[in-house]
């Protein structure tokens, strides 16, 4: 993933959050889970910074959206405690895996700060800009 | 446990995973929970590295397979939160305790990356090479 | 500091690095040392991510540019080992303290990836956009 | 870098150490600093495990051998405290950057446990197997 693509996603996420009158943090990671871009909107509680990071981290480390990961890692899931690995993962939505049109994993985006369905919606709007390129 | 034994186990685990057309990470720890050998197959999501380590760690730290640990360390288990000790343990299978023929604890092996029953099967094939020596 | 100001600084730093045909990471922190914005250009070695963060952190935590901090926090400086506090600080240039026209501390910017004088120059170009607002 | 290449390097390093009647740990990381393979010989003090890891980490995170990094990160180097970033780096030899014949960065190898010149020599013997492939 190029930095220009990451910055376009960042812009799209921030614009969508603004349109919905919500405040979020956005973290974009590359395919090896290293940070590419990050932004925090005014008014977001500080703990949300790490939540956006962990959502993105969960998605890229296990090649699935964090909402899907949530099914596995819970007490009644087939891999209870999986959420305790890798310095703690995130068992709720807002972390989205980014793939190329040919299926190659490109990285992930994590959005946090609003209600979970809104976080997911914002992340999806951002991810779509990647497909447009 | 000798390094040669650990490397034989590693080879056996990788060969069995390849035979089953699966991709896994394999961690082998000594009786004091320190790493002896590790390998990661291509195509395994990066989060799995730490899962294989934690499975092996769970087995050696409590002298039981991680599948047995899973019965204890979960919300309805008799030692709920035990899984949160030691920087986080693993309440599902794939970590196997390694003993000598006389019962002496030698170390542990952790396999992760496939479905849990496959991870367990691969770890068992590897552990068997140890008994053969 | 507003997010719009942080993003303008980020853009200015990336544009200046591009103009100089250099690759850098840029971290912008608020007055309480929490991250506001970050970007990593392609081709930057991964260790540089944390260096840009630590440069910005050094500047905001001690209210001085990291180049000035370097005089204090080194074996022959008057506060040797100060660089070991706060999980490790950075005794070389590229972290710049950001102040309002009235002297109020707004945050800091850390640039890393090029030679130290270039990192400093890029950080200064970025910081100037803040004064223009 | 393929796992087969990493395992060949591991074997070569262990064989060379054995030939020299030395005991070492060997860590092999991919281009994004994630572990690919590891082995520890009998008789190596346990602290050496992390040293081999940090040597390899230093090489890949800054795209240079850890012996070259040592010149930068020392008190009289141009980037004093650089060794404090990324959870602590290693300012002495034994971590070697691995490149493809076309210069592409493939990963790194870290060898530790013997005297530094021997660690370097063993790492170089191992790295050469990569070029042979």
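Labels A, B, C and D are assigned to the chains in the order they are written; within every chain, residues are numbered from 1.
Quick note on the criterion: a contact is a pair of C-beta atoms (placed from the backbone, for glycine too) under 8 Å apart; a residue touches a chain by one contact, two chains touch by 3 or more.
Just so it is clear, the structure is predicted and the values come from calculations on it, not from any experiment.
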Between B-D and A-D, the pair with more C-beta contacts: B-D
Label of the chain whose CA centroid is most distant from the centroid of subunit B: C
Whole-Å separation of chain centres (CA-atom averages), subunit B against subunit C: 43
Between subunit A and subunit D, centroid-to-centroid distance (C-alpha), Å: 33
Where subunit B and subunit D are represented by their mean Cα positions, the distance between them in whole Å: 26
Interface hub residues of subunit B, defined as touching at least two other chains: 46
Chain contact graph, described as a line, ring, star, complete graph or other shape: other
Every chain pair meeting the contact rule: A-B, A-C, A-D, B-D, C-D
Subunit D partner contacts - residues on subunit A that touch it in the complex: 30-34
Touching residues (chain side subunit B, partner subunit D) in the complex: 2-3, 6-7, 14, 32, 34-42, 46, 49
Interface residues, subunit B side, partner subunit A - complex: 45-48, 50-51, 54, 70, 73-76, 83-84, 88-92, 116
Interface residues, subunit A side, partner subunit B - complex: 32-33, 58, 60-63, 75, 78-82, 84-86, 88-89
